[in-house]
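Below, chain A partners chain B and then partners chain C, in two separate complexes.
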Partner chain A sequence: MKKVILILLFALISASLIIAYSEVGKDFTMMHSRTGKFYLENNRNDHNVPNAVTSIVTIYRGYDTVGEVTVLFLAVLGVMMLASSIGLNRMDSSLDIAGFVLGHASIVLFPLIALFGIYIIVNGHLSPGGGFQGGAVIGSGMLMMFLSGERKELKMDVTHLIESISVILVLLIGMLGIYYVNSFMANFLEMRGTFGSILSGGLIPVIYILVGIKVTVEFFHLAEYLLRS
Partner chain B sequence: MIEIILLAFIFAVILVILAYTAFTKDLLAAALGATMISLIVSIIFVILKAPDVAITEAAIGAALSGAIMIGVIVKIRKEDR
Partner chain C sequence: MENIIGYLVFSSGAVLLIGGIMIALFSKNIIKMIIGFTIAESGVNVILLTSGYIHGREAPIMGRMINSASYVDPLPQALVLTSIVIGLAVTALFMFYAYRFYKNHGTLNRDSREEAND
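Entry: the complex of A and B
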């Protein structure tokens, strides 16, 4: 009975969403919020990047990015504690029955997935994407290697070190912003580059690439501790 | 106008998949249903002109979360037998 009520509630909410979209979606250029107007108008002069979402995430709301990185780190920490406490790593290797197709296809597919993920991370300020999205793509590729049983052993000390160093560098860039321009995570590098090339936007690619490296290594730890065989 | 028809059709598809996922007794079918719903919601985000959110939802909600759920269900099932 409760499930029927919830499904009817979902139908109601989706109908109201469609009605609201038919009102607002007629003209996307009329913005009713002054904050959105401010970001879109000043983005071109300040940072010289086409993607406004990236400049909002890294520069204008950089403090929220630091909070999100902390939440991701705490989630993976919780998974590590849970996995070691209930003894998931004591099971026998039960995930090695992947079969012929998955075993050989994953070896061919993983370099392509990794290349695509690196492309999304590096072109974060030019097209939709960025550090979080590219890191999630590479992380799911690593998960595919786990599920097919074809992974090699990686040294866990080195991966933990890479994750910690990238977080420390992101925080250091934020502190340098306070030291030079008196605001946290500001774009204090004066060279901007040409509009639309990879080397443009000051500190935006640097911050987003470090966040992308951190998210990639973090998803690898998540898969390793949860599904270790 | 065409976007509203597309949105209504996609919401009807989600409703059908949601009804099946909520009322089935099989764990693996429920995990697959949740993954499918995440994938279709990412298409809705593209129609609403938010490509960053669409990439994030497809990569995390469908690929990572769904694969982890299916992997853990397979492990637990082997322990039962």
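Entry: the complex of A and C
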């Protein structure tokens, strides 16, 4: 009985995908959606940044980004609660089995990885990249340091404080948008800068740097709690 | 047929979605279920991205050309960016549940749960 229901479910999904396939296939040669066209036409004049995806993520759909950051935080909160129910223990030296190559290469590689991540975060409004991607790069570098056993002990209170402050600043910027131009997460800073330089785009790099800090710390927390429980 | 890339990418996304759901439903091992969910999620992302694809246009990074007609739709790309981050967070939570399950029951087989509780 169970199998029959599952097979029917698969048939339903496959049929809907085939219908969607034929519908979307017609649209491959068509124009943008109206929303996407609006974003593309107004991006240069509104924010003076090249990367349209960044201005959508941070400003036009900043509300989505706040929700996304909240979901990420909730996942880390769930991991933390489960970890505390199991009980945290100190990181023992059992991870020293990493070996000579990983242990020594990670010391050389981690600064380069962190620098690359910072580059991605800071250039988020000029080239493909941004806070989430750069934060993921730096977080992966931190995971490599954990696995190599060469990690420094970071104070968890300080990292939690950094995370909270960055989120509060993002929300505060959103609220100031309501105060100045009557819309949440608006680009109310009038300094648009010269097109294509790092200091351009008003609030977009500020928001993305804050998001990058937050995502980096979230990754650090995930790895820390998973390894310590 | 000039849109062959779009059709190929869309159909591979559909295959990933259905295959991932099948793996997640039919496997007994929890780690394999998590892998199935991750594959299905990649399929959804590919399908979403394809919905904004327009043949012969560039990525929406507006360097030389100001004309909006020379770029693909940026909206699905922004949505997929959100989706990827959320998928990562959910996968981390899944992995932690699997770890806790293993610690409590000594196995990763989902069918042995009732026996271990008795």
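Just so we're on the same page, the second predicted complex is superposed on the first by the 191 of 229 C-alpha atoms of A that agree within 3 Å, B and C clash if a C-alpha of one lies under 4 Å from a C-alpha of the other, contacts with A are read in each partner's own complex, and residues count from 1 in each chain.
FYI, a residue touches a chain if its C-beta (ideal position, glycine included) is under 8 Å from a C-beta of that chain, and two chains touch if they have at least 3 such contacts.
Keep in mind it's a predicted model, so treat the numbers as computed, not measured.
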Exercise for the section: For A:Pro128, select first, second, both or neither according to whether it touches chain B, chain C, the two together, or no partner. Expected result: both
Exercise for the section: Give one of first, second, both or neither to describe whether A:Gly36 is in contact with chain B, with chain C, with both, or with none. Expected result: second
Handout entry: First (chain B), second (chain C), both or neither touched by A:Ala75
Key = second
Exercise for the section: Mind telling me which of the two, chain B or chain C, contacts the most residues of chain A? Expected result: C
Practice task
Scan A:Ala105 for contacts with chain B and chain C and give back first, second, both or neither.
Solution key: neither
Practice task
For A:Ala83, decide between first (touching chain B), second (touching chain C), both and neither.
Solution key: second
Practice task
Pick one for A:Ala11: touches chain B only (first), chain C only (second), both, or neither.
Solution key: first
Problem - First (chain B), second (chain C), both or neither touched by A:Val137 - result: first
Practice task
Considering only the touch criterion stated at the top, classify A:Ala52 as touching first (chain B), second (chain C), both, or neither.
Solution key: second
Exercise for the section: Mind working out whether A:Leu227 is in touch with chain B, chain C, both or neither, as first, second, both or neither? Expected result: first
Exercise for the section: Pick out the shared contact residues on chain A: the ones touching chain B in one complex and chain C in the other. Expected result: 6, 10, 14, 17, 21, 25, 28, 53, 128, 130, 132, 136, 222, 226
Handout entry: Of chain C, residues touching chain A in the complex
Key = 2-3, 6-7, 10-11, 14, 17-18, 21-22, 25-26, 47, 50-55, 59-63, 66, 68-69, 71-78, 81-82, 84-86, 88-90, 92-93, 95-97, 99-100, 103
Practice task
Spell out the residues on chain A that touch chain B in their complex, using ranges where they run on.
Solution key: 3, 6-7, 10-11, 14-15, 17-18, 21-22, 25, 28, 53, 88, 91, 94-95, 120, 128-130, 132-133, 136-137, 139-140, 143-144, 146-147, 219, 222-223, 226-227
Handout entry: Partner chain C, residues of chain A touching it in the complex
Key = 6, 10, 13-14, 17, 20-21, 24-25, 27-33, 35-37, 39-41, 43-44, 50-53, 56-57, 61, 64-65, 68, 71-72, 74-76, 78-79, 82-83, 85-86, 127-128, 130, 132, 136, 196, 215, 222, 225-226, 229
Practice task
Note which residues of chain B are touching chain A in the complex, please.
Solution key: 3-4, 7-8, 11, 14-15, 18-19, 22-23, 48-49, 51-52, 54-56, 59-60, 63-64, 67-68, 71-72, 74-75, 78-79
